[in-house]
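Chains here go by letter, A, B, C and D, matching the order in which they are written, and residues are numbered from 1 within each.
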Amino acid sequence: MPTKADYLKDPIEHIDITKFNPVPLVNSMKNMAFTARDLARAADITDRMLRDEECGVILCLAGSLISAGLKKVFADAIKYKMVDAIVSTGANIVDQDFFEALGFKHYVGEEKLRSGMFDAELRELEIDRIYDTLIDEEQLRVCDDVMHEISDHLDSGVYSSREFIRAMGQYLETKGCKTDSSIVYEAYKNEVPIFCPAFSDCSAGFGLVAHLHARGDAPKIAIDSGKDFYELTRCKMANPTTGLFMVGGGVPKNFAQDIVVAADVLGHDAPMHKYAIQITVADVRDGALSGSTLKEASSWGKVDLAYEQMVFSEATLAVPLIMGYAFHQGGWKNRKGKRWAEMLEGVTAE
Amino acid sequence: MPTKADYLKDPIEHIDITKFNPVPLVNSMKNMAFTARDLARAADITDRMLRDEECGVILCLAGSLISAGLKKVFADAIKYKMVDAIVSTGANIVDQDFFEALGFKHYVGEEKLRSGMFDAELRELEIDRIYDTLIDEEQLRVCDDVMHEISDHLDSGVYSSREFIRAMGQYLETKGCKTDSSIVYEAYKNEVPIFCPAFSDCSAGFGLVAHLHARGDAPKIAIDSGKDFYELTRCKMANPTTGLFMVGGGVPKNFAQDIVVAADVLGHDAPMHKYAIQITVADVRDGALSGSTLKEASSWGKVDLAYEQMVFSEATLAVPLIMGYAFHQGGWKNRKGKRWAEMLEGVTAE
Amino acid sequence: MPTKADYLKDPIEHIDITKFNPVPLVNSMKNMAFTARDLARAADITDRMLRDEECGVILCLAGSLISAGLKKVFADAIKYKMVDAIVSTGANIVDQDFFEALGFKHYVGEEKLRSGMFDAELRELEIDRIYDTLIDEEQLRVCDDVMHEISDHLDSGVYSSREFIRAMGQYLETKGCKTDSSIVYEAYKNEVPIFCPAFSDCSAGFGLVAHLHARGDAPKIAIDSGKDFYELTRCKMANPTTGLFMVGGGVPKNFAQDIVVAADVLGHDAPMHKYAIQITVADVRDGALSGSTLKEASSWGKVDLAYEQMVFSEATLAVPLIMGYAFHQGGWKNRKGKRWAEMLEGVTAE
Amino acid sequence: MPTKADYLKDPIEHIDITKFNPVPLVNSMKNMAFTARDLARAADITDRMLRDEECGVILCLAGSLISAGLKKVFADAIKYKMVDAIVSTGANIVDQDFFEALGFKHYVGEEKLRSGMFDAELRELEIDRIYDTLIDEEQLRVCDDVMHEISDHLDSGVYSSREFIRAMGQYLETKGCKTDSSIVYEAYKNEVPIFCPAFSDCSAGFGLVAHLHARGDAPKIAIDSGKDFYELTRCKMANPTTGLFMVGGGVPKNFAQDIVVAADVLGHDAPMHKYAIQITVADVRDGALSGSTLKEASSWGKVDLAYEQMVFSEATLAVPLIMGYAFHQGGWKNRKGKRWAEMLEGVTAE
């Protein structure tokens, strides 16, 4: 039987969109058909959104994107002020990005592992599998423990996931970030708030459960889902022109779309999201939100119709092309980061 | 232009699996191929899981299932003690089930509406669209308001979503449930806990945001995502043999799978989920968890390999067949409900 | 290593729609959403098409449907005069239906075989795999040989695939049909023409290649793709009201749709197909015809818009429900078979 | 109502892979996950196949690829000797490539047309729609007429589709090719045989039907599906090392895979296809061949396992990247075209 070291030898390498220029390729796709044309239009809208200096850009992340090699794309998007807030599944932020910031890596799994026929062997070796990617479960347990440690160091009380993730950034600032590119750390430095509306649904959950269990009846921390929603809604109210760049669907898509309605509930006549891009392989025909069209969102008053585009593609293919196009077009160069986290620190202080 | 009444005239009718017997049909599929054989095997495993009296059954719901006409299937599953806990997206529980319990309905939308070409018109009429289904947005705002009202009536403090949803059940008990079949109300009566790990990502979010905004610096409620995870993990520890019946993927799938690891983190050597069924149209090839195979979950130590089955089908087709099969086979008749909510009331009281 | 007999022990069993009544189930789906509602509408249109006594019904088959256990559904559809012509991939008709009529069977393959990890072993044992279904390759070679034999017994000259398949029916009539339900044999007895527009793309191809090779410069047979198209177009001209029941997409879908245009090319102002049902998992977004909507076909003047319905489902699930519904509703009871093969025998005699 | 000219104003432009270099991008994808890694591996295998000078490369085309803007990619592949034979659906070769060689164009259709809501209007204007692409039906009828004309000019007798398509190349040679890049014409000049195993299933069918109808009992031409298969099998026997580059699935995929078995039937112990790439959005789970894995093909003795890769992506996105990579890597520069058409002219002369 192969050893753990046999399996975990080729690390996933993150693509660097600053190193190649897909502009001529994407421009060539503008008058083709099907996904190529959709992708070219999505790239064009993204560029347009970044040139609209009033627009606050919200990046939504669902699916295993960071372990798949897209970490640097999103970390660079923060660094170059292309993004003002992030809404994500917990896995991308905690188990994958923060995990790498602690010095760990994801590994290339051989194609045959996808068959599922080796999962019992992987289980025995304490290796976790995401389709064709491998993780050392012992390292993931270290990540769980750090989450527990951060929970214990926070004063007891109610936090948004954004506040907790900011504390993760502070942890990296203090202890040192052990990777050259981290979403959590870059967001911390650039005052970009990150929200994980289902925060316990990842490595954070294991840390929180351990914290709650250890504290028993003593005061403890709580991660308030409502506070998350309130905070992101405050961003919308403070900066009414917004755009969504959504990779995958799920909770992040819905959550970010809903702030238009939430602002309205609070008596602010906020406009719909002016720009909306979604990259997804989800199917429209099962009625789940992940695949629901952006037109459908307009019936709910969430997304405007003029600048919306769905791209039916797996993210590892489409994201480098679209974000690479936007990077090299340079429309973001006049943007100043909105630094919404600064504003929220005031808002949410208790 | 048609009026609102023109659009909202044919209500969605919920399928009643007690009224037809799909057993001969499903049995005929056992030695076919492809999805038919998978579905027949899933039905068989479901029956087997219900005959295993030690097994605690966790139902996971993602996608717009209740508005699609599956409400009675799940409400009956609770009523007939086929289910011991539910993990769901907020939309199914609040915007759809509770919404109907308040006396409102979902409506059949004409096929042409799917094209998205009428969404501006629907927007003007304040009609929300889910693919081929319509909702009166004014009624949805009433639902938001009731969520706000329930938030305001709770003592300030930290709640799990389960506790909040239980309060929704109490509300129906007090004010009257205005529909003949409700998941929230049936769960309340049968002590079946319901968890929505991303609780603010639905109509509940609008109520919570309104509550937080109105309260300002005054004491308020918080919905703690960590507490949700801790509570469901307690169920696993109290009742180690468990099975998952998952419709769709998303947060509910991941959350329910993760409690095996969480129990381990707390020092309990809990076995993997013994049974696991998933009905999904999600694609395995994008690496998102929604479509990840149950075999992959076994590499993480979450799901056992002996009794797992994925069914690649849209839920409205597969759920009535599988649950109808399980109902008419009667394997559940010796089951006693686990009444986990009673246990958790003790656990989570502060 | 397991033997061939270990692998080939559980035969695929063909579902019998005359044995269970899905009418109450399908009726319950009419006011649901998503695929359930689509399927119920497709069932209703199918019934309506069968009650329209003027309508000639063309069944289109693509995908491995017969090996999957749907043989008896289609054979019964011929027997009960629910179908007037068939357009199919060669595999369904030759490698699968005729193969079983020669006395051979398809076998259930264990789920783990789907992983592809055992294909080298299967190769060694001369077992062919279709996803989760197995075939004895030696038996398939017998089928190839019979096709060669039939080719050699035909007078040299030009044939449509329909004429060749009719000869296969005659072969079964003479030698005995060794299965209780066969599409080829039932069609032969009921004068239902079967067309395989890419006839050499299956076991027939191996027989034909052997025939051509053996004959060398001597006179031989040819299977004329143009003659196929001409013959089916003649059916349309003789019986202008037509409906399509399409399972899968591919060549059969396109071929059958195109006869409307072909009739027009020949100066007959034939109406579009009045009814059209398609059951498919193909995606609309890649622009291939298999997933193109029936509305798109209407822009080409092929399919009328009033009675068309696509059902997004794998066929083994949807076909038994829709055809079972149509069978038990009994709308076909007044139909007389059109016996188009009789007409074509006259037309195509040289 | 808009006029035909309003709809048909922006022509589809064909992407030119010689003009941009995707090598750095594709190399960056090698150690990512999911589709990116698959695509990078497919690109690497393609390059490897082209460096294998013994290998005969067979390009398989299904789906509306030419109308989508991929014409120049494939025409250039012929021109630069990267391809030795083509197996395609008729639509790509006749209705789309030859159609453009006659001087006609495809047009960009607005996104809203995809909804299907404008198809009645398009019908009235005699505009045909392929998802988001438009065709002038009157021009398509001219193409049908040219096919009729070519049929009439051929001596009566039996032809393979390859022979007919060669006659189409001769037609362009004589009358002038009215586009700067044509698959049919480039193949004619480079002795690359093109096979359409379901030849009547496209504009060719309309021409053939008209020919058969007009000739009545007089001698006429036949397009022999068996001869196609025999000819491609002869290529395999003459050049045993082969590789497949498949875009989409359908008949072309199956047909090209089957020649290994056909060679065996003729007593030649031909090796399996040594290289195999498939780009598809088809789903593996419905058992249709379009989505069946290349591993499954190995159980049939068709495809070797060492160098095979499926890429789950819509073709307009993946083809330019993979073929662009292969072009700029230059592995093809030592290749000499196999000029199989020359060999077949001898073989098939009667």
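In this text, a contact is a pair of C-beta atoms (placed from the backbone, for glycine too) under 8 Å apart; a residue touches a chain by one contact, two chains touch by 3 or more.
Treat the numbers as computed from the prediction; the structure is a model and nothing was measured.
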Matching C-D in over half of the residue-numbered contact pairs, the equivalent interface among B-D, A-B or B-C is A-B
Report the chain whose mean Cα position is at the greatest distance from that of subunit D. B
Between the pairs A-B and A-C, the one where more C-beta pairs touch: A-B
When the C-alpha atoms of subunit A and subunit D are each averaged to a single point, how far apart are the two points in Å? 40
Just curious, how far off is subunit B from subunit A if you go by their C-alpha centres, in Å? 25
So what's the Cα centroid distance for subunit A and subunit C, whole Å? 47
Hey, what residues on subunit D touch two or more of the other chains? 33-35, 64, 68, 116, 130-133, 283, 285-287, 312, 314-315
With touch defined as at the start, can you tell me which subunit B residues reach subunit C in the complex? 10-16, 19-20, 22, 24-25, 28-37, 39, 64, 67-70, 106, 108, 130-133, 312-318, 320, 324
Which residues, counting only subunit A, touch subunit C once they are in their complex? 33-35, 112, 115-117, 283, 285-287, 312
Contact footprint of subunit A on subunit B as seen in their complex: 62-64, 67-68, 89, 91, 116, 119-120, 122-123, 127-133, 137, 144, 158, 161, 197-202, 205-206, 208-213, 217, 221-230, 233, 248, 250-251, 254-255, 258, 261-262, 265-266, 281-290, 292-293, 295-296, 298-301, 305, 314-315, 350
